[in-house]
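Take a look at the structures below.
One chain, chain A, appears in both complexes that follow, with chain B as partner in the first and chain C in the second.
The block that comes next holds the complex of A and B.
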């Protein structure tokens, strides 16, 4: 429980950091912290596979992609966020309103799930992976889904050949 | 833990193709004479075809992920024939547009592996991965001519729109999964048969099928998801266009027939949507083709129109319509590949497209080529006794049998419109004076001529000697549970 509180607090602070930083690069790095703490939370929920994917895909690939984009467009400072010259109403642009509405909807959905108990019934599924989720996923992947899995490796091969051919000098 | 039973013979064509692709990639490093790689890939395609003919239709394999039934084997054979002809076409001219011949042949084989995997896929997981394999390989192949800006533009356009379409496809699959609780086609068919109303999220099913139609409609170029087709067909190197125009259609339509058959026992609102798509696709494809001066763009719009005729057979939703669609796919494979092969034969080395004017007076210069091109044009227009006529006859009679006589009438009117631009090409070849700048294209070598000859022979034979083909088609459709 103590660990959970620590990680949850870090995640919340990092999440606030993402939206309150003036420099986009700081936002991206806060996002990295947020993703990492989420991975820790997944491990505490016995979802090791999800945690690994969270680190590899989100903390690795996605954050790097975001940093690339920031470097391409130039990472200046964003002034508008805490601009004292504008009233609160003026600062409510369309993206922010959309974001706020979506956040409220998410909160409402989670709250509804907690109150009616539908979310609690799902909590038992972590225990269903008796050997941990990595083994559970692996055994399904290499038995039931072995054909799509092998085809996915062909897909990666195609992507690799294509990237090399298109990048080579003619 | 139970170990899976691996029924490897089911995927033997795919194994042959992927292994050959790897061998070619390695051999590319040591072999200087790149033409040899082309022959290796051709042997691989024919070898894969041989495995299809030695294999008999069987029960589901790989935990219901694949099903090499009559439909799968028939369309796999059609795709492999298309690949073999395209490779034969490529051997001579691949050096015109690229120095990376090894990667070119490997990608054609891998795309073929993806297409053949799609034809036997009986689970949405397999379907999606197979579609991605063939799409990704074709994105790269259409951009293979690095010296031509049009080719790169085609690749980029195809990639961006294709990625978008994949999103639709995946969303459709997710919604169908939400409605039925499974991604397996056999389980879906079983699930919706007894409880066609009490599915947990039944309204999601038509929505999911609709999105699925958008995704697959993009791959086979149905109006209004056809925007990419003319540009990509024109920009891609001609052998690639020849291959993708027939192979992708065959594989995607096979998957569509399988999916629709699995959803068949349900009340089927999407058949009406298919009929609407068919009308739009036929009409717009034919009307746009009328105005084209570039032969490749004309054939691109004509391929859109043909996709419309094939959808007519699917919209009928009965065995007759599905049989017509399968026959159409095989006939279209030969006649369209043949037309593109003639186009390649008359185009100059540095060119990637030919205007209709270039064909003026072709009959005087190269009579054999002109006669065979006329044969393909007559077949595409649907003139008896060629394959194209019977293909149209079967899909339209399927539509009439299903009570969609109006759809068949629209199709016949469209065939008449289409005949105009096909015959215009013929008239240009036989009755016009040669254009002043009719500089000679390099004399086509025997591989190109052999491709054209095989396609022409098959176009004739499919029309006048139908028994063996129709027998396997009827057998293929009878195992599907079509109403």
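The block that comes next holds the complex of A and C.
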């Protein structure tokens, strides 16, 4: 429990760092810290495979790509673009409203899960997860969830073909 | 005699018994974990001290020179002299560098190099932590290096450093795929990702069963450690020194240590996955021989890597990426499919291995033939000799 609190606090501080940093590169690095603490939390839940995948996919690939893009387009400090002359109502642009609604929906979903008990940890003990073994994950992934799994791989294939088409440049 | 036969394990038991005399149980655990961690963290440093000397000697002999021979007999204290020089050098931070990121990058790259050692089995039951995802852990830790290099290159506020960092990303991401595919073949054959189990189940070294996976892994590993002929990220003649051009003193030292630590770790992983790790004659009866075999095999792999470095000229970046995507990835993928099919055959394991070996040799032959043909076409098109 003590370790959980430590890692959760680091994750929250890193998450705040992502949205409050003035430099985009710092945001990306805070995101990396956040992903690393999530991996630590997975290890504490006996899901070592998920932790390793979290590091490989998110820390190793996604954050690197984010950093790559930021560095290519220049990672200067962000300016304050708030306009004090605008009224509060005029500042509510469509992306902001959508973001706020989605955040509220997420909060509501988490709250609902906590109240009804579907999010409680009792159903996910280490033994039920077979100590996070690769075999346990693989058997579930290739039997019960084979259709979503294959659909995800088709999605990746489509992304890859799209990248090739864009890069062809003819 | 029994004590000597399994010396390291028995010594660890004696040590634990000795300190439990005066300490409570939890303190014994803490002390032992700290000691284990200290040994693992020291591995890259030891690797640097030993390997810089070895590398200079080997490269010197390849280039028909003597190599270091001034400090101590055969120059064996050269590395220590270098270390002292590095320690007392001035620490320079560029004026417009991003200081926090600039200072964090060397630490992060060293952490990556040190953490690899946690899953490497030096002998039977001599492993920091036999994780059930050991092989995957190696890949995960390896991917941290990419971020550290990118941080160093960007924070230096230097164009050469940034170009070096971009090359690293292209190179490491491309070569990670054949590396993971060839590790995947071994995991498939063994049926477990535990490094201990992988060694235990190699009654014949996997380099003799899966030569394609072995060669692919070694080539990808050279690229991942950024050594010649894949040292595009620090190509001196093109971008000065790449991502660590602005570092000096001990911060440069961390990159240096991480480089040699990674070299030794990659050789140790090659030994574990493909050369049978600590297995060898009489290693079963006398486990004390295990670490000895392990070190001999690792040094042999390191020597081969140095040999390659001393022999081959540097690739061009487009050739290098094309080699990864057009040669290594297809070969590794076909190999993976073949091995997966061979494992389903209802025959004894030895026959399965033979089937795998035949398939591997066929893949190797086809790949080399296609490479030779394309080289001939290239030579003909450009009017070069050898067409």
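As a working rule, the second predicted complex is superposed on the first by the 111 of 170 C-alpha atoms of A that agree within 3 Å, B and C clash if a C-alpha of one lies under 4 Å from a C-alpha of the other, contacts with A are read in each partner's own complex, and residues count from 1 in each chain.
Going forward, contacts are C-beta pairs under 8 Å (C-beta built on N, C-alpha and C of every residue); 3 or more make two chains touch, one makes a residue touch a chain.
Since the model is a prediction, treat every value here as computed from it, not as a measurement.
By the document's definition of touching, of the two partners only chain B reaches A:139; chain C does not. When the two complexes are overlaid on their common chain A, residue A:147 makes contact with chain B while staying clear of chain C. In the superposed model, A:112 lies in contact with neither chain B nor chain C. When the two structures are aligned on the shared chain, A:168 is found in touch with chain B, with no touch to chain C.
In the superposed model, A:159 lies in contact with chain B only, and not with chain C.
Once the two complexes are overlaid on the shared chain, A:25 sits against chain C while remaining clear of chain B. When the two complexes are superposed on chain A, none of the residues of chain A touches both chain B and chain C. Across the interface of their complex, chain A is touched by residues 1-4, 6, 11, 18, 21, 25, 62-63, 65-66, 98-100, 103, 106-107, 110-111, 113-114, 117, 123, 125-126, 128-130, 132-133, 136-137, 139-140, 143-144, 146-147, 155 of chain B. Looking at the complex, you find that chain A touches chain C at residues 23, 25-26, 29, 32, 48-49, 52-53, 55-56, 59-61, 63-64, 67-68, 71, 75, 131-134.
In the complex of the two chains, the chain A residues touching chain B come out as 139, 142-148, 151-152, 154-155, 157-159, 161-162, 164-166, 168, 170. The part of chain C that touches chain A in the complex is made up of residues 98, 101, 131-133, 136-137, 139-144, 146-147, 150-151, 154, 162, 165-166, 169, 173, 176, 193.
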